[in-house]
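Next, two complexes with chain A in common: one pairs it with chain B, the other with chain C.
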Partner chain A sequence: MKNSTSNMELNRKGRTGLNVHRTISYIMLVLLCFLCLFFFYILIINATRTNNEIQKGISLLPGSHFMANLKSVLNNSTIPILSGLKNSLIISVCAAVLSTYFSALTAYGIYAYNFKYKNLAYALILLIMMMPTQVSAMGFLRLISSMGMKDTLWPLFLPNIAAPIVFFFIKQYMEANLRLEIVEAARIDGSKEFHTFNTIVLPILKPALAVQAIFTFVCSWNNYFLPALILDSNTNKTMPILIAELRSADYLKFNMAAIYMTIAIAIVPVIIVYFFLSKYIVGGVTTGSVKG
Partner chain B sequence: MSTVSLKGIKKVYDNKVTAVHDFNLEVADKEFVVLVGPSGCGKSTTLRMVAGLEEISAGDLLIDGVLMNNVAPNERDIAMVFQNYALYPHMTVYGNMAFALKLKKIPKAEIDAKVKNAAEILGITDYLKRKPKALSGGQCQRVAIGRAIVREPKVFLMDEPLSNLDAKLRNQMRAELIKLRHRINTTFIYVTHDQTEAMTLGDRIVVMKDGYIMQIGTPRQVYDRPESVFVAGFIGSPQMNFFDGQLERNGDSFSLTVNGVSVPVSEGIQADFLAGDIQSAKVKVGVRPEHIRLATAGTTNALTGTVDVCERMGGEVHLHLNTGSGDVVLRVPAAELTDEQQDSGYFGTDVGFTFISRHIHLFDPETGKNLLAQS
Partner chain C sequence: MLKAVKAAPALRQHRTISYARWGYIFIAPFFAAFVLFSLIPLCSTIYYSFFEYYRSGLKVIGPNFVGIDNYKAVFGSDLLKYLWNTVLIWIMGFIPQLAISMLLAAWFTDLRLRLHGKGFFKVVIYMPNLIMASALAMLFFALFADNGPINSTLISMGVISEPYQFFTSVASTRWLIAMMNFLMWVGNTMILIMAGIMGIDSGLFEAARIDGCKSGQMFRRITLPLIRPILIYVLITSMIGGLQMFDVPKVLTNNTGSPNRSTTTILMYLNNHLFSKNYGMAGAVSVILFLLCAVLCIGVFLVLTRPNDGLTRQERRLLKKAEKGECKL
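Up next, the complex of A and B:
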């Protein structure tokens, strides 16, 4: 009898403790949600308000100038937004495709084949991964200038063919998910090496490719440093450069509404990419953490 | 015609480890040869060299008399079934089976007919539209076999295809493989570590250890006349029992002493010893569990032991005896024991046992070789 009473007390204490723990957890999660989403919300709200309304202070309710702001931004001849969107899309998509495909190809070569100096090649790629872009920027700029590629989009996505971080991630994924027996089975079936890579290996790597494509896309989309160094003419500029130009424009003509609207337009493609490929982000990042 | 010749095949890895030493084997047309041995004995490496997945360090591999050492796997006209099935996960069962045929640019109608025919043989017609992740282990293995069958190769290579299946399914698939073998009637080279699979499937068995061939023979030859202690112990379940003994030759007759007890040697074995000019020597005596009998009361020259474990196997009982100098396992028909003896009455009992004289194997304790094989 005494035992069952003390057990009940223990259960009650346990339940109370659990509820307190749960309450604290929920409060923290709500706070984090707020911190993540609040600024997006304010961005959308301010894109619907005028410059004067924005300068008066924060509002949680949308304005009525969405279309006016949109027209103003799209018709601004000094800041060609549509052209900027197009350029950013071209660079980001090409960078994502090139980096994922060629990094997968490199990772496959290192993973599936044994050749002399393989380990050295792997170590070299990892070493390059440690080098920040800024260190090689000046040398890169001189190179592309001498090649007549300055103020073109090519240098902004072609170098993504060699992407050490993407290579490393895909190689880790391969080690956990790609059994070499499948490659051997394909060889015996009569598939040539390149055909095996394209028809057998790449489909297996889909989650990893999706994750890296998203990350590369977003990284390229948001990249300001290299495009600012390379691109001169208005028609070639990307969205980050155009947004920065809007920000640094003449104070008298400073239009916060236009800036908010431009940023809102700029994040739409990224949101679309995340929206469609988000399931791969969670799956792809955690897969490879346990060797199957 | 699909013959396979392995002449002096050797495999040495970059780190100087020799996985396969001087492997010589002739596989006849439509023969089912099984490579069997413990893990790491080189059987899978040998199979992979035949498939072209491993480079041959030395020796010649010929298929139908044509040298294949430097020929690509897809040009050797072989098909392989892997232990882990190696199915293409993003393709349906139909896609898996049709893959090789599509690469050969075979017309669609013909591919369809071949795939459906193979699927019918293997009982997987209902699964053609499924992907491998929606299949059980046994179904996956059938698909892997089907993928090999549709290619109509000269040689089928199978690398432990049943190892990943549970015991019941393994037995079932083994029977299916026997039926399949008769149906498609081509040359097979099968690798396994399971001696039961080797004994039931193979026309001939190649027993391997540490990269060497220990014995090649039919299942009966390998079972009844093992050429070494290793083969004798590896083939057969329960394992063969081994005793230390002393063989004495007196003119043209031989006597054998085991644990101080005189053990009769059959006339047939004695004639073989005479022919092989075997002399007196210390020997290792091997006797299979089914060739040991419980001694009846009054039997002279019986070895003795204490019953340690009594395993009821249904139709027979495996008695584990402690003889003081080692453990001995006997296979006793259940009908020869009372119910009480089978249940628990035998534990701790001292029993006598004798050998069936014509089923005694004698090995050199130094080399491990069968005295007759050695001579």
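Up next, the complex of A and C:
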């Protein structure tokens, strides 16, 4: 009897302890979420207000100048935002397509075939996987100048044919999800190797390809270092370059509302797409990483 | 994969078709692009780092071979200061990032805690990772400017009487950059660590609980040793990412690294040389960066290819000895 009451007490103690623990974790999580959302909320609110309203301080309610701000940004000839969006889109889409297709091709080559230097090739890719492209930027700039590709969009997506990180993620996915018996069966049915890859292997890899395409797209969309060195003419510039120019231009001459609007145009499309695909993106972060 | 490698010779005896050449064909585009766009540029970067090669006005000087003069000049300038800036700002962001993401990962995976809305929290906390870094920096610059909304709100709340100049103090500028890095990477780290914790056999936790193990003990004795590979992976990849810190300080300080170049990172320094077409000096900085990254890349390689059993090297050696019968465990 005595024993059971003390047990109950212990249980209650444990439960209150758990409740306190739970409350602390919720407070912490809400704070962090607030930090993550607050700046973007202010950004979107300020993009809808007038310059004068913005100078007065933070408001939690949107203003009524969304369309006016949008028009003034689109009509501003010093910051060609439409061509910036177009260039960013071309580069990002091409980079996503090239990197996923050729990485899948490479991963399949190493996974499905046996050849002498297979393990060497695999080890080499792993070794260079995390090497930043910036270390060879100087040679890259000289190379593309001599190839006549300076100030064009080509050098910003062609190198994505060799994307070691995408390769690694797809290879991991392949090992877990692609059985070579299927390939054997296709071979017996007379399917050629490339045909097998395009019609049988690629559909099986679709989930991994989609996730990696999204990551490559976002990465190219946000890339600033190389495009800023390669693209000179105003009509070829991408969004990050235009944003940076906003900073270096005489800042006071600008309408603050227009600045917020420009930042919003660069950020918001990605956020909207992210919230629609968040399940796959968050799930995709871990598909190829080390296992604990 | 191992099975396939072993089965290969047997296969070859039975049929005459060898598919080996298809392997080469399939990996050819990758390696061609790699050689053309990465390897050749890297070699020429290293090569020209030993040359005097720059543009003065419209005239191109060099390339003249000067040995290691570029390296001497680079080390003679403020390279070490910029490296220190980069490392310091990285640490300022990374330590809270690791601590908080470990805490959150432990909470999310705690079966007794049963938190609600995990999916929502994960989605929101991961979001800043996808934001354009230069746009985020521009946003922070606008918000924290002398007459920006943060200052005017603080004044109207009576916290301060006149605008606090965030960008004239070394500490506040560095903390703002560190905070942006923190916001951008905390979700990513959390998800990686969570995946690591969820990969642990739940039987281990149950057995420990039956033995009377407390939550804290379990985290220290079971979770931490088993997610060590993930932690090392996160640490090294974050270091490589930290060395590439560029967009945020560049846009936030308008490439000046102000105040007094205390936020100039090593990549901003490289960018300045590339922009002024001083190829020799840019080459020398690139080679130094390359060497630093190469050491870290070897670290990543070792983490990814090591045996995956949660043991330390010493324990593994002991186990091997025990298997041979040389000693008892």
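Rule of thumb we're sticking to: the second predicted complex is superposed on the first by the 272 of 292 C-alpha atoms of A that agree within 3 Å, B and C clash if a C-alpha of one lies under 4 Å from a C-alpha of the other, contacts with A are read in each partner's own complex, and residues count from 1 in each chain.
Everything that follows uses one rule, which is that a contact is a pair of C-beta atoms (placed from the backbone, for glycine too) under 8 Å apart; a residue touches a chain by one contact, two chains touch by 3 or more.
Quick caveat, the model's predicted, so the values are computed rather than measured.
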Chain B versus chain C as contact partner of A:176, first or second or both or neither: neither
First (chain B), second (chain C), both or neither touched by A:184: first
Which superposed partner A:248 touches (first chain B, second chain C, both, neither): second
First (chain B), second (chain C), both or neither touched by A:272: neither
Chain B versus chain C as contact partner of A:82, first or second or both or neither: neither
First (chain B), second (chain C), both or neither touched by A:31: neither
Partner chain(s) touched by A:204 [first = chain B, second = chain C, both, neither]: first
If touched residues of chain A are counted for chain B and for chain C, the larger one: C
Touching both chain C and chain B, counted on chain A across the two superposed complexes: none
Partner chain A, residues of chain C touching it in the complex: 1, 4-5, 8, 19-27, 29-34, 36-38, 40-45, 48, 100, 103-104, 107, 112-115, 119, 121-128, 130-143, 147, 149-150, 152-153, 156, 183, 186-188, 191-192, 195-197, 199-200, 226-227, 229-230, 233, 236-237, 240, 243-244, 246-247, 250-252, 254-255, 267, 270-271, 274-275, 279, 282-283, 286-287, 289-290, 293-294, 296-298, 300-301, 303-305, 308, 310
Sites on chain A touched by chain C in the complex: 18, 21-22, 25-26, 28-29, 32-33, 35-37, 39-40, 42-43, 46, 54-58, 102-103, 105-106, 108-116, 118, 121, 123, 125-143, 155, 158-159, 161-162, 167, 175, 180, 193, 197, 218, 221-222, 224-225, 228-229, 239-240, 243-244, 246-248, 256, 259-260, 263, 266-267, 270-271, 274-275, 278-279, 281-282, 285-286, 289-292
Residues of chain B that touch chain A when the two form their complex: 51-53, 72-74, 78-80, 82-84, 86-90, 99-100, 103-104, 147, 151
Complex contact set, residues of chain A against chain B: 179, 181-182, 184-191, 195, 200, 203-204, 206
